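The structures considered in this document are given below.
One chain, subunit A, links the two complexes that follow: it is found with subunit B in the first and with subunit C in the second.
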Partner chain A sequence: MTKTDSWVGQVTASSDQDIPSASTMPSDFDLTSASSESELGMAQDAADSTTAPLLQVRNLETHFTTGRGTLKAVDNTSFELDYGKTIGIVGESGSGKSVTVRSIMRILPHNVGHQSGDIIFEGRDIQNLSSEEAKHFWGVEMAMIFQDPMTSLNPVVKIGRQITESLQYHLNQSKEAARQRALELLQLVGIPEAERRLGEYPHQLSGGMCQRVTIAIALACRPKLLIADEPTTALDVTVQKQILDLLDDLQQDQKMAMVLITHDLGVVAGRANEIAVMYAGRIVEKAPTQDLFASMRHPYTQALFESIPKVEHPSHTRLRAITGQPPDLTALPEGCSFAPRCRYARPRCLTEQPTLDPDEVNPLRSYACFYPVGTPAGEEALAANKAEGKTAAGVKLSSD
Partner chain B sequence: MAGSGKAHLIPQDSPQAEDIILRVEDLVVEFRASGGKKVHAVSGISFDVLEGETLGLVGESGCGKSTTGRAIMQLNRPTSGSVVFEDADLTKLDGEELRRVRTRLQMIFQDPISSLNPRRKVKDIVREGLAIWQQNLKGISSERVDEILQSVGLNPDMVGNRRPYEFSGGQCQRICVARALVLDPKVIICDEPVSALDVSVQAQILNLLEDMKKRYGLTLIFIAHDLAVVKNVSDRVCVMYLGKMCEIGPADELYEQPLHPYTEALLNSIPHPDPTHPVAEDALEGDLPSPIDPPSGCRFRTRCPRAQDLCAYEEPEIRELVPNHYVACHFPLTIASESLDEAVAAATAEAKLSAAAAAAADPLPPPPVPASN
Partner chain C sequence: MMPRLIALKLLRLVPVMFLVTFGTFSMLLLVPGDPALAFLGQDSTEEQYQDVRADLNLDAPFLSRYFDWLGGVLTGDLGNQLVQDGFTVLEGIQQAFPITLELAVVSIVMSLVISIPLGVYTASHAGRALDKIVSGTVFAIISIPSFVAALLLIFYFVFNPDIIRYPFLVLGLAWAAWLLYKWYQRLVDPEEGASGIYYLVLAAVVVAFTLWLFNAWPSFSRIGISRITSDEGIRENLQDVFLPALTLSLTEIAIFTRLLRSDMIATLQEDFILSARAKGLSSRRILFRHALRPSLFSLITLSAVAFGRLIGGTVIVEQVFALGGMGSFLIEKGVATRDYNVVLGGVVVLATVFVLLNTMVDISYNYLDPRLRRGRR
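Here is the complex of A and B:
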């Protein structure tokens, strides 16, 4: 296959995955006895009558003040998420995945120096809710689970009370109703002997079971959006599969949208409709999952993928490592942040910062690169670098 | 008879026997837990390591893989069993003798940053070798240190006088590799050497370990939970579960054709970075049982989709089902699900026979299963 073929080939590869969209799901699903009527108004109508996305994040910037200067944890980040869909945010440690969603959830540490951008949920900016509105928003419309379930569970409070508290607070449920619902929730997330577990403390449960409890708590009010920040990274691979399968099922049943954060391209490949790849605080490539894996345009996405050992490959397969390491976010290089490690980098990359722009042929995908992989411009850049034996940033290249 | 068995150890009279550089036999490590209980971390593990090979130890948290590595090093003294390295049983050596052996046997740990002394200069760290060995340093020249730093991809002039906190995780792991190499070891035990690193840096370190292995003729024991990582570096792989060995065999073959239900479950759980790869239907159910009170018989039986009554009262013994490929399971995957019933009947009959034979030969009641409490 020639390079041109693959460039053309990806256009037709665009497709949506088969998770039904919220508006096509039957509306009389009922897993629960709780009412999820939104106190904020016409949420259900909005879902049915418009095609506007559930969540829009526009130009999000979150910078921290640190001893070493301003740290641009998230810069100029935008994405959208439709009802019932999953977007996977992938990136290495420190790339800004958690800060992005913590900015959305408004749970940032105190040393935020600068924060801007729009966070639109069902058509309205949710950054300035009154405290009464906020009470019926966070945890109700939008909930979050974390990597370490212990950070969101209170070690000295029984499991049952941790779930009912949230129900009583957000939904004003009676004690008895909340208890009944807590029981259902534990069963829903696959906790055996739910009745007994209600009376237990978190330390009496395994890590996987604790994560199920935090999922139960997050789902208590049937949120429209679940943000899962590395929900399985602390778990064993067999338990990871259980939790991801569980999230899949619950998502289908409750027509809930999800932001799934992970450093593992494997996790999002099977679970997300769309993937955003972050590097050094920015989204560098965003595409429907199938399109992304069919052809990676951003050199970082491709290099990341190639550096992962694949279980299908024979043992001792030489890995294609990325040279260098991720940049210091308090001293980002001028131009493209990936340039010091990029095989495609040309002089322009050292002075100008590429913006995340849609692909000319397939507008569903976008990337921030002057010389995208598999495009004529990219192939020329790589060929030129190989001929010169190094990239504009001085990374040595062999001519293979 | 309840033991994992040792069919996979190389017989003395085999021509391969002289390639054995390290033999772990019947290794048991128990820790005291509160209430007079015992944590059965490693319960009778045996394996040979052949000169020049990389043996991967893989399994989920709590399976005892790190404990095994540390017990080989005598960092925690085994409760019983032997570790024979260069004709000496390390479990029988005293401190001074161990120190001498340990120059030939080194270890690299998971967290590169905290395993380096932050106040020492890189070149001193490398020169001194692992502090726990209290090595006598006179013999190591600065040329040697420079050479080793160079070979792990660090420029001695640029890094030698700096301290670990100035470096990233990947660079610290390079320093750890250099520190392990400086004493010219034969065997290096790598305990999760890349799991704390960024994916893009992980590949650098894995490639480095492969290069160093070739260059210095090393033998590696590579411990990790990531199945793809283990396959990438290993010649043979040993799968562990809850302190026991499930399966051991050549890496490619074991992944291609797993024989143990647990290995299969592990492989089915791996998320593939490929959306066209179907997500496996079945997930392994349940959680890891407590190593304080592990299940009787086969320790995997509480989660095993193929478990039968026999599995609860008789521990499977390891056997060779395919040349060089050994498995400890009564009903391994070579038996098709359709013929499982017959196999169960046959195995149960055999177990009764051998129990009867044992009872006839031995007037005393059979000893209690040691693993069950």
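Here is the complex of A and C:
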């Protein structure tokens, strides 16, 4: 099997364990927690200094050529991110969240068939950088951390060397200066006995420590944007919170913007300023965090949220899983891609694709749905489906 | 600690070597034929025959003969060559072994120097046109028997050098022209990169080297070898060893390239390669600094095995080039004439080299993969 095949396989794969679950602490849902307040306040300060957003992604499309045809991993996706702020991208496996950020980081596999759209960072389209500019752009202006810290560090290179490498390569620092900075960075990410750790190898550290090291590596060149691709998925629940809190602190400290990818709404609840929910390669709902959790408009967002078990539920309550399977990205349905699984789906949803439009009342939020949850149109659609006993796509509805 | 580890590994070789010598000694006893008869030839008297048997201690019990011989080996005495009178086995090996060793070293080094870049390149361009060409060629080369390859190389390098020389000149100049073009691109458009002068210098080096080699094209010798210690010096020696070493390398290059390619493709799928890419490092740096080392394990193991094979089994190539190395010595002076002293001595030397090599490979793993060092301190 070639390198690229397996990678795409991973993107399209979906399994039960990838369905969002509440693996984080209940307190993460508390929007008024101290950490989220201070973070929002800080982000406000940073945003005041400049007007143009740090990152603008416009109509991003990334398609792969596979044996089964064109795979539309990301289709017509747009979002913006201001200096110092955090956007959470939420969705199940195969929804296109990883491919979106990998397109931004330019680390896609070789079988990209088609890529279009603008990725504008500080006013420049980063797809048109000259080769000299590009050489010291990724890893300096923006950096990324990955899901599994144990495998994303090179097993045969000392930790110190892995941190100093980009300092020497990108910033031309001397060996001694880079070493000093590496030491600082390890202390910054809360690694005890940093001096000793510099000379150790990744297998000598725990998973949480490794993730701290990858964060140190990402922060080495003081990026303005940090992309965290499911940074806590591979970690213990107790360590997850530590790492997320560390990212919060560092973000304030370094005045970085952050793209936080997760399949767990709980992770982004108290940490992101804005949340974009992706499904089948598109953003289906985007809203400031408070607005989103106050009322979810897109049926998929609602279903995702309801599938999280709640602490206050009595034990043995049945989990409200989303019926059906995520769509095949090589053969997307003609209409709304969520329609086959949606409780609100009407005949229109099967033939026409809704676009991501701003809400009439609150223009800060937008969603791609003809029958949004909590609106008269949506209530009517649900009532009509219940009366018929099934949705337009044939999903049976119980009367509850 | 490393020195303790090495000492430990060497200590473990003692029983291995004991088994090897014991096995060889017992197996030679099972071979039909009488050494005394081989020594004397057909027309000898009974007295002569008994004399020789007594001389060679052939009537002593098996174990006592073995330990006698082993005692000799440990003191550096491998016995006399029985058939070719007047020479000891050690003298024969001293003649043959340096030739074989040089041949093996040169061809392994040549194989590695060529196959590592090829393997890295084909792995990083897996599935593309040039990868397919290289992989296909490599497959074709594996299937050429070494005696055919030797004759072909002699035909082109010794008798028709121009067929090699001129394409070499053209290729070298074409490469230089491409480098000059790169330099020109950077001259016109400074945005492209600041290191334009690097291409200019490289182009000059390539031209100089190409022209020098074209003019001073060495005359490779078809047969024989002059020793490094001889009056002609190292240059003559390397010219002599080049063709046989290249013949031996061809197969190794093919195998090494394919092996490294597949290991490297596996490494390139690792997460840490993705994160190295996200660090914004150049792809050359990622390939050589991050991906190469974790991909080298099988290659190192295999090259040690190949080296051992070359030390003992280059008979055909030695014959074609009339080199007189260990292979020829063992076959001609030992096996063919039933001289069991020569066979025993040869096997002891080859086995020693082989197990030492494997120990070195074992130790090198510890350098390559820090994960193996755990628990050894």
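Structure notes:
Following the convention adopted for this analysis, the second predicted complex is superposed on the first by the 347 of 400 C-alpha atoms of A that agree within 3 Å, B and C clash if a C-alpha of one lies under 4 Å from a C-alpha of the other, contacts with A are read in each partner's own complex, and residues count from 1 in each chain.
FYI, a contact is a pair of C-beta atoms (placed from the backbone, for glycine too) under 8 Å apart; a residue touches a chain by one contact, two chains touch by 3 or more.
Small disclaimer: the values here were computed from a predicted structure and weren't measured.
On the superposed subunit A, the two partners subunit B and subunit C both fit, without a clash. Legend: residue contacts after superposition of the two complexes on their common chain; A:F305 is shown touching subunit B, with no touch to subunit C. Of the two partner chains placed by superposition, A:K396 touches none, neither subunit B nor subunit C. When the two structures are aligned on the shared chain, A:N154 is found in touch with subunit C, with no touch to subunit B.
Set against each other, subunit B and subunit C differ in how many residues of subunit A they touch, and the higher count belongs to B.
With chain A used as the common frame, subunit B approaches subunit C to a shortest CA-CA distance of 6 Å. By the touch rule above, subunit A contacts subunit C in their complex via residues 2-3, 6-7, 105, 107, 130-132, 135-140, 143-146, 148, 151-158, 165-166, 169-170, 201, 203-204, 214, 217.
Within the complex, the subunit C residues that touch subunit A are 126-127, 191-194, 265, 268-272, 274-282, 285, 289-290, 293-294, 368-371, 374. Those residues of subunit A that touch subunit B in the complex are listed here as 17, 92-93, 206, 208-209, 236-242, 244-245, 263-267, 269-271, 289-290, 293, 303-305, 307-311, 313-323, 325-326, 341.
Against subunit A, in their complex, subunit B makes its touches with residues 60-61, 168, 170-171, 198-204, 206-207, 210, 225-229, 231-235, 251-252, 255, 265-277, 279-280, 283-285, 287-288.
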